[in-house]
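Two complexes are shown next, each including chain A; its partner changes from chain B in the first to chain C in the second.
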Partner chain A sequence: MAKMKFLCDTERCIECNACVTACKNEHEVPWGVNRRRVVTIDDGEPGERTISVACMHCTDAPCAAVCPVDCFYTTEDGVVLHNKDLCIGCGYCFYACPFGAPQYPQTSEYGARGKMDKCTFCAGGPEEDHSAAEWEKYGKNRLAEGSLPLCAEMCSTKALMAGDGNLVADLYRERVTRRGGRADVWGWGTAYKG
Partner chain B sequence: MTETRKRAMRWSMLGVLLLSLILPVGAYFIATSPSVTAEEATNPRADYWREVRSGQQENAYTAVTEHSAGTVLIQSSGQNWRQLRNGPLATYGGMILIAALVVITLFYLLHGKVKLEHPRTGHTLLRWNSVDRLLHWVVAIGFIVLAVTGLSLLFGRALLIPVFGKEGFAAYAQIARDMHHWIAPVFAVALLLMLVLWIRNNFFNQTDVRWFAAGGGILKEGHPSAGFMNGGEKMWYWVVFFGGLAVCISGFVLYLPIFGQTRPDFQLSHLVHAGFAVLWIAASFGHVYIGTIGTEGALEGMVTGHVDESWAKQHHDLWYEEMQAKQQIHPPKEGKVSAEATGDVVSSGAS
Partner chain C sequence: MMKLIKRQSTPNAAEPKQASAAEAIDRRTFLRRSSLTAGGVAAAIGLAPSMVKKTEARETEHSTAEVSRIRSVCSHCSVGCGVVAEVQDGVWTGQEPAFDHPFNLGSHCAKGASLREHGHGERRLKYPMKLEGGKWKKISWEQAINEVGDKMLSIREQAGPDSVYWLGSAKHNNEQAYLFRKFAAFWGTNNVDHQARICHSTTVAGVANTWGYGAMTNSYNDIHNSKSILVIGGNPAEAHPVSLQHIFRAKERGAKIVVIDPRFTRTAAHADLYVRLRPGTDVALIWGMLWHVFKNGWEDKSFIEQRVYGMDEIRTEVAKWTPDEVEKVTGVPEEQVYEATRMMAENRPGTFIWCMGGTQHTTGNNNTRAYCVFQLALGNMGVEGGGTNIFRGHDNVQGATDLGVLSHTLPGYYGLTEGAWKHWARVWDVDYEWLKGRFDQGSYEDGDAAVMNTNGIPVSRWIDGVLEDKDNIAQKDNLKAMVFWGHAPNSQTRGTEMKTAMEKLELLVVIDPYPTATAIMQDRTDGMYLLPACTQFETYGSLTSSNRSMQWRNKVIDPLFESLPDHVIMYKFAKKFGFADELLKHVQVNGEEPLIEDLTREFNKGMWTIGYTGQSPERLKAHQEHWGHFNTTTLKAEGGPLDGEYYGMPWPCWGTAEMKHPGTPILYDTNKPVAEGGLTFRARFGVEHDGANLLAEGSYSKGSEIDDGYPEFTADMLKQLGWWEDLSAEEQQAAEGKNWKTDLSGGIQRVAIKHGCAPFGNAKARCVVWTFPDPVPIHREPLYTPRRDLVEKYPTYEDRKSFYRLPTRYASIQAKDYSQEYPLIMTSGRLVEYEGGGEETRSNPWLAELQQHMFVELNPADANDRNIRDGDMVWLEGPEGGKVKIMAMVTRRVAAGVVFMPFHFAGHFQGEDRRYKYPEGSDPYVLGESCNVAFTYGYDSVTAMQETKVSICNITPAA
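Up next is the complex of A and B:
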């Protein structure tokens, strides 16, 4: 079975934020929530590096381990999804997640958290595929129509790759061999070592 | 588990323990130390990835400014938190709670209730005025609700989901969480007032030393002297004092995520909160036991405000003498002698 993964090639990412925008638009993500973000390190200095990051769909997912209502599940494709009907907005998954993926729409001035929202690998949620409820809560289900996540599809430099982990890793390895240098499969050690 | 992880866990465990013992307030400012792999320390490029992994990269920027994780790419302390919460906190916490219940049950079975040694005289002393009683019961009821709802979040997944199913438990957990949040401020205010009002009763003195030396008259035979509060009650007061501070302060750090707290702040606060809460709950079993079935005649003091002369002489002789000197012993009200002399709980008037 495929194990879906994201890979961000930091030699290629140019901080255009197209992935952030594409995601936001594709899923009509709630106000104040960003399922993907782009971080630049050493901005404007030699060795500047840019990384696009979202939920990495971890193997032994920390979010799932701490959720008091046990609302996470991993799909056959290795995508980590959660059920918003069960979520109580406690924030524990946000404390545990290494990548800061879980986000909350704020429901009051006092910072009370609403239902958690995070990247779905464009795979919707537990509702019926392509149903109105699924769209409303989780956004588009591109995986069910045979498409891959839009952020990666949109990436003009193909820095961000999404798909079966083995294929993605092969593509990346090929690139690195051709251009020389060291491979930095960013975040994989943290997300998939388990 | 890697050695570094183990080390980081040990250190953060030690850190949490020490900090929470010494200064629960200061604990909030200290982040758990992320793990660093030593073999990568020399390569400058690896340095840079190490910084990323430890969540400490400098000079970072993101256009997505409102994101709650900010520019931190990887935070490794989340793994420590996960392991401490799901591991030691849940395991030892559960064991401590069960052990406390078992010990109290055994004690009750072996020792039984502490009965009044002399029949009630019907003469009473005012022990707790209406403000005392109101505060105590707001605190007590609030505590029970907070404890039940809080423990439901900690243990519900293991204990309640098998019973109610995920949907059923999630519906309950949502209510539990909301109740925890609504009751908490009321509880904290009442607790603070109660602690302030009662602190003057609770400084230890020579009498308490002798009281403890005599095992409180429970562990050994005999009747050690006691003033208004005995040594054991004073101990409970200080448990409530320090446990209350730790739990309330850490609770509000979690409760109001609007002061720019970062994830390490939440993680540490959570461990302090839940850790102290569990210890406090375990200790409260003892207090509730002594206040109800453990001691004949104690509960009515906190319910009606008055205690019987015989109870006062037996448990708080020095206080009794003081009150006697001040002529504060009330004769029985007419016609109520028998009711008051026999009834266990006279009224439920909590105010």
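Up next is the complex of A and C:
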């Protein structure tokens, strides 16, 4: 089975935010909830790099490990989804997630949290595929119709890749080889000291 | 958050589409399907694009209705990205990547990826509205046209046709832009202009006067072939994000990227070398680079000998720009100048990209010509991977420029001479004398030039047309009515004076999908109308992208609310003014809608100068249907019905459509025959100057039967060459006494090309433009400069009594030293989320959420000097008194002493939130101060481009 992964090539990411608005467009995510965002490192200084971040659909997902109502599940394709009917909006997953992926809609003036919302890898949720209930709670289900996440499909520079992890890796490896240097993905220098 | 789509229940969930065994699948489909099984991958780089699925029946969450997939083109920037819109029951329900499209291969930036909001946005101008006693009142279209029309006719009667200003738009499609220019001519004025004046007018003037045409010479796609890429005064990572996909393809093949900018932009973050210069010193820096070229003998000597005029005069000027002097003026140390030059010299072909950072100066035309000279010196012109890749701004600013929505020319750069008017009168089939009678009679000039032959007031100066003393203006009377037809006022400088000008007018009209800042920045109580135009997704037609490709854009949805397409509104006004029948003599009108295809055919009949003649609606539609057939580097169709043609038939697409010219993908490329898209430099400036030969020497396009330079083709020249008999009898009749620009049969062009020649001749490019204020580009200090020590040596121009009808100040402004009270240099630019004046994009919640505050970038040193912390509110004040209250962003992105502001905001004015002034429900989500309230006087010496890339200011904490 395929294992779905995202990879953002920081040599190509230009912080254009197409991934962010593509996601808004596809799922009509409300103002204030960002399933995907672009993070900038060293803003305005030499070495500035940006990276598009959303739920990374972890194999051993910390959100699932801490969830008190066990609302998370992993699909056959390796996509981490959750059941909003079970979610109690406690925010534990937000503490656990290394990427800040879980989002909570503001439901009242006192800031009470609504049910958690996050990137679904455009794979909907536990409701029937393409049902109104699925759309209402989780947005479009592109995977079920043979399409990949729109954020990656619309990326301005093809920096953001999405799909089966092995294919993403092949594509990225090919790119790095063509560049003729070491993998210059952000974080390499930190991990391996140049 | 509002619900954008009516969510309907779908009792039966749709089945994923399965492939039948017999169905041939392309690689894209394979990848899509494999995502369910073996796994797929998006963002496949470099794949040959395949056909996007045609209309298919599919049930969705929204509706059980059939989904139609409509091909359109993004209406934001000039890259011209393909769009696939999914529509059900007339509602825009989905947006899919246009993987097939040769320019964007499915990609978008933040703006392009949020286009579907156009089909749902509620913050639109919904109905015709009238300001009555300070309140907006909904009125009917009929009442609006009658009242506005009557007022205009009365102004025309009393003050003359030039007292009504028709400000058009780069957002019009080609057909609308063409009709708009023709409409202004029929009204009887040259007071017509659009955004090109304030974005790339200095490019068009500078570049056209160097080698013939004032447009991008190569294409975004051709950058794949570049071995070096120099970007100066441009930030494509934000302004043209999809272009970075092409730039990165070159980079990953080893190309070097040099970014020269006062600001460390997001583009600079991906460069091999970033060079920071002081704003307004481009000529000094380019001459500093050429100093190294000449010193090291890096110039392309044979190219210069064969194809360049005047390089010796450049050498003389360049000799003054020693490394010391360059550093003193630009702030760039010698090793950086040398390194940038070496990268370009050792990695050829190299391309040269520039945008507003180069153009928006009092010396803008000098800058653009210096850039061209640099490319000529390195022999980078007319080759794949080389060229001057001038990234235009709006989606159709190239088209609107080509179609002459400008105060100094008719469509096709024919100018305003008697010959030009007679040419278009013939195309329009109207009486020349009648046209002439539509204008003010007499002359505005000291000589005897008729009014119709006199440049109109440019958009950058319209406020002076209102405010300047009547006796100082070279026209009958002041401007009394202003029509903003698809144009944001906040992109023009001197905001406080603009407010006064808006209030002084007798009539102010906005025709736009949004109310725009015009609706709210003034304090009128009456005499103002807002008329709702629809967007380009609610109509159809052609547009010309930056690379000169013409694309056909389909209608996605019907006009929303009571909005109407621009050409319908033009028809309504023409009918009111009584010239609709003459205006559309050869155009079918359905109800009140002129047929777009007939408008295309009409400009096809007259645009010989730049080859807008071969792109018939039928050919354009065929190109749209075969997006996937075009090579994504060369743009050439490989096989199929369009084999050998270039996508969108980039102009010049010579001759008639029947001639089937493939378009010209790279200008001045002598390696191809003209019939296959090759070209020479244009013989536009005569055959000799001061005794020197201006024609090419020993250089000619492949297959040319004339093995040397030659002048532009005329009927007489055909006879001399013995080629006259190649014309058919009808062509001979049409061509007699005419030339390649005025022969309406296209015969002269056809025969010249048949013999391998370029219809416009074969000449040298010129480095010296003897008709310009500075024949050799020279450095001049900006009008407002903190470098008082340089003013004496590099002074600005003398004041001029009449320039585009208006007195224009230079030296008298520069004479006064403001640098003590206003010590910071200010410049401006774009943000990726917003476009132009920003009303459209700030009304889109998906974009507005990402940029909620107007801000100013300032260096930590300047912030600390003023006790300002990141996120503080500050007052920024310009030397003419305009001030804005904005948020401080403290960052090293700008150097100490330089501040930067984005120009997309409006709605606040000098500290006041004017949201209450919008018609109810039409206010953008995000408002903010307009930087141009603080920006100042200053106009290019050739085109009157406003100086928005360098002025001075002071910043203080806002208590």
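In this section, the second predicted complex is superposed on the first by the 183 of 194 C-alpha atoms of A that agree within 3 Å, B and C clash if a C-alpha of one lies under 4 Å from a C-alpha of the other, contacts with A are read in each partner's own complex, and residues count from 1 in each chain.
To be clear about the criterion, contacts are C-beta pairs under 8 Å (C-beta built on N, C-alpha and C of every residue); 3 or more make two chains touch, one makes a residue touch a chain.
Here the structure is a predicted model, which means the values were calculated and not measured.
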item	value
Which superposed partner A:Gly165 touches (first chain B, second chain C, both, neither)	second
Touched partner set for A:Glu136, first chain B, second chain C, both or neither	second
Touched partner set for A:Thr21, first chain B, second chain C, both or neither	second
Partner chain in contact with A:Asp85 - chain B first, chain C second, else both or neither	first
First (chain B), second (chain C), both or neither touched by A:Thr157	second
Partner chain(s) touched by A:Asp43 [first = chain B, second = chain C, both, neither]	both
Footprint overlap on chain A, where chain B in one structure and chain C in the other make contact	15, 17, 20, 32, 43, 45, 47, 49
Partner chain C, residues of chain A touching it in the complex	1-4, 11-12, 14-22, 24-26, 28, 30-32, 43-50, 77, 128-132, 134-136, 140, 143-150, 152-168, 171, 175, 178-180
Residue ranges of chain B in contact with chain A within the complex	45, 48-49, 52-53, 57-64, 66-76, 78-79, 81-82, 85-86, 153-154, 156-157, 161, 166-167, 169-170, 173-174, 177, 181, 254, 256-258, 263, 266-267, 270
Touching residues (chain side chain C, partner chain A) in the complex	1, 3-5, 7-10, 13-14, 16-17, 31-45, 58-62, 94-97, 99, 105-117, 237-238, 241-242, 244-245, 248, 252-254, 264, 266-267, 269-270, 274, 832-833, 845-847, 849-850, 857, 891-894
Interfacial residue positions of chain A with respect to chain B in the complex	15, 17, 20, 32, 34, 37-43, 45, 47, 49, 51, 53, 62, 65-71, 85-92, 94-101, 103-104, 110-113, 182, 184, 186-187, 189-190
